[in-house]
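What follows is a structure written as structure tokens; I'll ask about it next.
Chains here go by letter, A, B, C and D, matching the order in which they are written, and residues are numbered from 1 within each.
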Amino acid sequence: MIDKTLKTCKEAVASVFDGACIMLGGFGDPGLPGMLLEALREQGAKNLWIIHNGAGQGDSCLGGLMGDGRVRKLTCSFPSHPGNQAFAERYMRGEIELEIVPQGTLAERIRSAGAGLGGFFTPTGAGTELAKGKESRMINGREHIFETPLFADFAFVRAYQGDRLGNLTFRMAMRNFNVPMMTAAKVSVAEVDELLPAGQIDPADVHVPGIFVDHVVQVARHPVLAAVQKVGR
Amino acid sequence: MLNRDGIAYRVACELPEGSYVNLGIGIPTLVGDYLPQGKDIFLHSENGILGMGPAPAPGKEDIDCINAGKQYVTMLPGGSFFDHPTSFSLIRGGHLTHAILGAFEVAANGDMANWRSPGDKVPGVGGAMDLAFGVKNVWVTMTHVTNKGKPKTDLALIDVTPDGLVLREVAPGIDPATVQAKTEAPLRIAPDCREMNVPAKFVASQLTA
Amino acid sequence: MIDKTLKTCKEAVASVFDGACIMLGGFGDPGLPGMLLEALREQGAKNLWIIHNGAGQGDSCLGGLMGDGRVRKLTCSFPSHPGNQAFAERYMRGEIELEIVPQGTLAERIRSAGAGLGGFFTPTGAGTELAKGKESRMINGREHIFETPLFADFAFVRAYQGDRLGNLTFRMAMRNFNVPMMTAAKVSVAEVDELLPAGQIDPADVHVPGIFVDHVVQVARHPVLAAVQKVGR
Amino acid sequence: MLNRDGIAYRVACELPEGSYVNLGIGIPTLVGDYLPQGKDIFLHSENGILGMGPAPAPGKEDIDCINAGKQYVTMLPGGSFFDHPTSFSLIRGGHLTHAILGAFEVAANGDMANWRSPGDKVPGVGGAMDLAFGVKNVWVTMTHVTNKGKPKTDLALIDVTPDGLVLREVAPGIDPATVQAKTEAPLRIAPDCREMNVPAKFVASQLTA
């Protein structure tokens, strides 16, 4: 019997190694794997390359990992959100390498990796500072730049429901980067609100088929990310 | 001249029925509060939402329903949730009709430089560049900036055209010459240039020098 | 009020012009827009470029359009299915141009168009006869070929539920090419089993958001495509 | 030698628990009928299904649930439906563990030429090329073909390795020399090469010349 469930986040992050590349899901709080992040802080691996939309906020979750000095490189679209002090201070001191990627290009590079593609041409960013050093060509009369697939050693996300086969669903705006990230890492892990028996998720409602997912951990949300209640579905 | 809500109100009036609109952070977000009644206008957020409604009542926030500015939002009937690749397919593929962005500077050809403010400690681009490259009509809401770099309250509705900037409307109490004096790029005055028609509550009391 | 519904398939195909490029959804019967196809046969536009997984079967739907001599070019992955006589005869006489595309590449080229990308590199087909004339490069130690986005003037699909805003859902295996096709055409039309009031489709269940869809027509399935009953959801 | 069901049976026995498997058209489809009991093995179909079960009982077919061979199928608990881009992401991205394909010819290096049979009136590739390029373990079920092009019933289990074809098992009643005689490419005989262990009903009565 396939059983992709793990009892604890600690087990789920145990194999993270120094220098690993890690995709972190979430946009704002929805979908952010807060408990896996805290377990990763405890676990201790360093010189990490983080792929995430932002740079973390405050002193917990990714903000905490930044503050702990565990990140050597950040690939993201928007690290300039207020509350990013832990990152900003180390970045200004030159301790963290920063790769800025337009948000849609970031999502598409991750998808491209998971989909077994070798990269794509996009108009976004052509002719701007972000195109420097990138191959460029005219396609249908418009300048495009070449963007490469973005792989990771690990992907950590928060999902809503999961089962022992790895099938995942997301509530509302939780899907964001989490869907493509589950496809693009060697080891993909989801912490979930609810662990359901196999077969309880309608095949039409599965947002990430279990084939893409390695481990599922049921755990309450990180208290900092659960400041307000769930209201609707 | 207009206050921030006045800018949002004037922009909201300009949106036709059937618009699919991305609202940026700041003044653009306020546009959602002034959408014309009875028109179907769909608001999009980069994080995978189409059909956002107004802010929830206090205590009715849903932990998983936020916009790209990380504010809690509600959903209107007929909305949908999707992932980031779909959300940016929708942007980059030209499916949105309007993007309303903030920007610290707009050049005369409409180029925006809103991803790296001079003096910002940390650069960031977010989804603004995808929107600027992908959306048919990009509208920029901004506090008017003099060539000395001082912010002003909003003064005018200006179209970016292949022939340069065209002044279409001036804020109440402002004349075209004042707008030109506060604008580094040359302005052409539209033949039908007129004063904006906005309720008095949206007019700021005076031009702060 | 937005109202994307049309009363008849006849209205939905009225603007198809001679020489138009048309994407036809469906893989086998599920998702095939049989009633729009019959309306298109009646409508009379000719010299059509059809993009579809196959070449049609029998003498109705696409098979009928083929038999009527209305297709000048077919872009597809698998035209060699038994029952394709209408296509095969004209193809063998040199009356129809055929572009063979691996099935995954076909789906991805359509998605690429709808997503505003300029094309992508894929390993599929590298070094084979299908790579002839295509740009090729080594990426991560593997040969890839460049594939271009595939646009259309019209896309016709069958969906399960729709509403006046254009939101669509699909039953089971109906999604196939239909989801990306709705994003990649200037005019996209879905015939649906059920037309629901706006707001009846849960936002989490929408498979194609209405922004991508121009017209929705409620009509019973083509009798040839409804040989067995619906059983489950 | 084996009959068609025997080929499918032998292949099904080879699949480990946790396999994610695409079954091609023809003999591969039969593999679904012989999956080992009690093992979680997921069957994938290009048209957007993971977790297919056996064929439905007569009268229980669902109009919208077919496999890539256009046959009605059922779903097992834990399955899922998705669109073509996702289905081929799953293939091309290396997420499937096995693809079991038919092929009219396999060269000694494992290259397949199953998209254009000599003499086919109309060429076609379908999803076979994506599977051949994307899946870690591609198994080919075929009726053994002599260098004269005549089909035979199945004779052997052969691994394609960097060092060429390796004969692992022979069908009941067949010796390695017979297999080599019917195979154009050179075969190496594995040290532990043995006769297949399959129920008698799967053994064809004789080698049809």
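The definition used in the following text is that contacts are C-beta pairs under 8 Å (C-beta built on N, C-alpha and C of every residue); 3 or more make two chains touch, one makes a residue touch a chain.
Only a predicted model underlies this, so the values are computations on that prediction, with no experimental measurement involved.
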* Structure fact -> Chains in contact with subunit B and also with subunit C, listed by label, are A
* Asked: Between subunit C and subunit D, what is the separation of their C-alpha centroids in Å?
  -> 29
* Between subunit A and subunit C, what is the gap in Å from one C-alpha centre to the other? -> 33
* Quick one: subunit B and subunit D, Cα centre-to-centre, how many Å? -> 57
* To do: Two or more other chains in contact with one residue: find those residues in subunit B.
  => 81-82, 85, 88, 91-92, 134
* Junction residues of subunit A - those touching two or more other chains -> 108, 111, 115-117, 122-123, 171-172, 203-204
* To do: So, with touch as defined above, which chain pairs make the list?
  => A-B, A-C, A-D, B-C, C-D
* Structure fact -> In the complex, the residues of subunit A that touch subunit C are 108, 112, 115-123, 137, 139-140, 142, 144, 148, 171-172, 202-205, 233
* Structure fact -> Residue positions on subunit A within touch of subunit D in the complex are 1-2, 111, 113-117, 163, 165, 167, 183, 198-199, 201, 203-204, 206, 209-212
* Could you please specify the touching residues of subunit B with respect to subunit C in the complex? => 17-18, 20, 38, 40, 42, 44, 50-51, 75-82, 85-86, 88-96, 134
* Note which residues of subunit B are touching subunit A in the complex, please. => 45-49, 56, 60-66, 68, 70, 72, 81-85, 87-88, 91-92, 116, 120-127, 129-130, 133-134
* **Residue ranges of subunit C in contact with subunit D within the complex** => 27-30, 55, 77-81, 84, 87-88, 91-92, 98, 100-105, 107-108, 111, 122-126, 128-130, 160, 170-180, 207, 221, 225-232
